[in-house]
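Chain IDs A, B, C, D, E and F follow the sequence of writing; residue 1 opens each chain.
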């Protein structure tokens, strides 16, 4: 039913959605670095130019996003919805995102967590991507006929800030402690000069990843939250529990 | 810090604890079959002879347990605590179980879910094993000095019945649909004739595994509930989400 | 305050809302069969023709819905909102549904669960029906003046798929194990040939109902999730707990 | 399997457990009054004399309990465990309580909620009764051989204080608003003079029941929390939702 | 970063949002009375005229709101969104509310709880105010340029009805038991004659506040639910736990 | 009823319970430093000598605890229960702790969080202290007659490790960012050389406090979890929400 992924999960491509030009880097940049260094193709779809932020112009932020994606080994495109700080939860947006899923046909999809107590664009994009992942596989949606239906392999949420982490669900931790990974991730965050000059975003994310790392007994780790139970072929790859203390 | 597991997770051994002679088979027998067929060593520690059940003598149930473990490719031992239907949550028990962990030095530990609305022996054994996994790695516990401290790789809970599944936590699903796996698991359950004659236990478990399988788009699947976040090296092995419908 | 229901609950009529032509059958068809066989009037309001599905035309699916409702002893009507896979959460829709509630004046209302991790039409219809149940009893909503306000007796949610069941809330189980009930329900599901040919929907639902049945010590059972606490006159009708294992 | 209850639920007897001489009255006295006035036999098992309270002697409190039970139409017995404020969670206690269940063979069992943030005796008695309800039906528990196994029909928890209500679970509300019911309940609470002289217990409980009543659109109501999903034969008796505001 | 509040929290002004002319009074009127009597400036923003209610005209309800606010020592304004029973969750509304936040520059913001199982206008206004509190501090939102960005000090939710209280979160209780506070609050509720004539709203709220008061060992108390963790300089002001029973 | 605290909360004394010689410092040392520097008396009751740890003798650890408490401005005593890694949940222990509460008569009590997925001594001590806080105010507990009953003002839980933080409850954050506070806290942790030499405990706690600080817009902050709703006289001291990002 999902032949590609079941047969060759290691070559399935990764698609990350971000509401603003820096969300993917801040929320899961270390994981992107791990995957691209392992040879997985990664692509970013960014849904605004960050034009409602206190600092940075559209042009600056677009440029920062492009340079940052390159540092992480990812390609990038912009897909306009309602503009920064104006995102609404419309079916038309979910269909547009489903169109991107059909066109790009990723195995792994990353999106911001859908919980509502955070920047409203973040939660809504997470909700829209989740809806889109379903619409992409329904054969009869008329607006989507240009591309064949596509069933993604998995939808994983990243939290742009600590507040955006779901309270109840157990995260999966991805070990990002290889020095070159932490360095690439840090560099990718620091490219967003327009934002990091005003607020301690880089320290926030490194502190968060270090805390997860300390818990897991590694250097740094990032948390992802699966939208659905994950299916494993065996226990071979689930035998490291985070229980450092 | 956990060198064995990190370097060779696929050969780490598996240790399953059961409160009664049939709990492991009913709650995670399919997973055991997957692992032993993949070459992993599996051992069962059973903490009573099931002597408080409505049906079956101590001797019958002991014999059923031995034959069933053999069908699943596992070795088995009995470790008496307070007896069937009499298990209490004593530190002395946790220390005894920690002693078993130090002696057997497993990478993966399976135990019944610790939630309380189920057979009281089940929840208490889950709680005791969780405590034991900590005590096993503290160097100064005087009763444990006979063996070197041991840090397990991961603690995963299995639910003996549907009611025992934690309501909130997202399970990991293990695909057990290979026909020889389902057959071995079914055979192992059916060995417990003293129990299955009176109640539909086998149908209950097969129905439960089939429902998970239908959700995950496979034949049968079993749910496990990790006690701690699981740490992954990359996304290579977490890219199959259960999203069949 | 709710005189009709309090005085004659057994004759209060039942109204079930579905987002697609087969949702009611798959999610609570066995309960419908129980109620109509006991003499309760049942009516379905279906809010799309299922035209976005991979299989089946509008005409086919409409016809399947009509035949299926008849097999369950229910009448049926279609109420168009935004179309299949396009449903949005608009106040205008809630008002339209409230208008239906005022016109049909049911005692018991069934709707899909409002939790968001499922087909987006399902959750939104559940949310809209919940809003509609409130609007139906406010006297001053100008669009609703054609009919007198109406307070329903109870709003119960059904889950179209296992994923759509609320994680935390305790369900009410309805015993549907009489052979003629299971047969009528199965037949009603099988009428939806356009859908069941491609996916194991019938097996999914029967497996789910059998698992609840095994837990409750009966043949088959279906779960409903009340939107509000249920008020009972005494304990006379709440004395069968599901505690089979 | 549970033939008595299924065939004649209205005559099944009720057994309420209390940790102290006034807990049943304060936590579910109105429900007892409803049931006994409807002809159901009710019996109280009280597990201490309340001797650790700030006010009241053993003799006074015993006498208050007897008079109060009589006002509610219930019989009463005392079953000593560890004494007031000394209750521990021992298997021997669960077995003793299971023995009472086998001897008394109730259909409906009421016990205090098992959540831990309340008087420790309350939560532990709730936990012990839950365990006892399982042990009572296992055929092989040697200490229980004097009486045949017994499967109760349902286990419902009452909350002695508002803090003891489970946060997440949806309660069932029992309408106790008939004037003679409220009067009988109030009288039964007021018999506990040794306690009510020092604290506003009666006002606390009446206020709580009035708040539930206002929510449900009736005079007064009391909340019960089922330990397991409740099984219904149809929707005939679940069609009054509490949705007053 | 939040200099005003940190330096002089006691003089920061309070802004309460209500969806209908009586929501603030019913949901947190006692708290308003406490604050204005202590010298804090309070202002109400009411987002409809309550024109969809069963009773009361726009003019009546507007007049009731003005008189009630005066009794509580607050000023009041009306800000129209979609009209009573028609409120949708649009970004344009959040921006309009953010504009009010920038214009009024409050330290403390009160809004209805955002949970969805209640009057749909209540939950949506709570959600919109939460979004508005973020938008108000982003410098680049073009529609908001007329006023400088503003970061509020805290966002606290009030529950208009008991059902609207979040199930899981621990409330903060505000002691409103001074007789003049209860009197002022009661008077403010009773001004809404158009509503209170038909339903027991005043009794409902007084009963709710009395129950919280009994729990906390005071006369009456009201619950508020903070949207974010509250930051304290020390434990000096958090040392009264509600543990009356 | 709680006159002392209500009248002079700022001078109520603080009592912190720890299961091991370093738990208080690691879990809430910064808060202790804040309070003692503000003039509040603080006392530690430590319930083992940490003799089961991998490193450190009883004598070393006792000495470390004494020096550390002194650095935080607190007095300290040892109260033996079952010994390190052997703590059980016995009523006799709760009574012993209640005796300490009656003798020391604190206003504010700090204890480890009672959630079970952590070092078993930690959770059990939290549970025992919670029980003790109730027993301390019951007048009739015979073992406690040497001292008059005492009602504490509030019970706040601290988490020794991140895993021990309750998933659902909203914490209160205490701002500990004054440089002399962070310095005193760090020094107090570093005194526990026997432990910190082997594991990154100090970095773990500083990272955790820095992450809370970044969220709250301050330097460092520590989280506490109240056992009961906190009662406030007004909003004057709850107007700083943690919403930095």
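The working rule: a residue touches a chain if its C-beta (ideal position, glycine included) is under 8 Å from a C-beta of that chain, and two chains touch if they have at least 3 such contacts.
Being a predicted model, the structure only gives us computed values, none of them experimental.
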| item | value |
| --- | --- |
| For chain C, the least number of touch steps when starting out from chain A | 1 |
| Labels of chains that are neighbours to chain C and to chain D | B, E |
| Chain whose mean Cα position lies farthest from chain A | D |
| Inter-chain centre distance, chain C versus chain F - centres from mean C-alpha coordinates, in Å | 51 |
| Distance from the mean Cα position of chain F to that of chain E, given in whole angstrom | 34 |
| Per-residue overlap in chain E, given as positions that touch at least 2 other chains | 163, 168, 215, 227-228, 243 |
| Touching pairs among all chains present in the structure | A-B, A-C, A-E, A-F, B-C, B-D, B-F, C-D, C-E, D-E, D-F, E-F |
| Footprint of chain F on chain E - complex, ascending | 1-2, 5-6, 9-10, 12, 14, 31, 34-35, 38, 40, 107-108, 133, 151-156, 168-175, 215-218, 221, 223, 226-244 |
| Contacting residues of chain B [partner chain D, same complex] | 51-55, 82, 84-88, 116-117, 119-120, 163 |
| Of chain C, residues touching chain B in the complex | 161-163, 167-168, 199-201, 203-204, 207-208, 210-211, 214-215, 243, 245 |
| Interface residues, chain A side, partner chain C - complex | 90-91, 94, 114, 127, 130-131, 134-135, 137-142, 149, 227-228 |
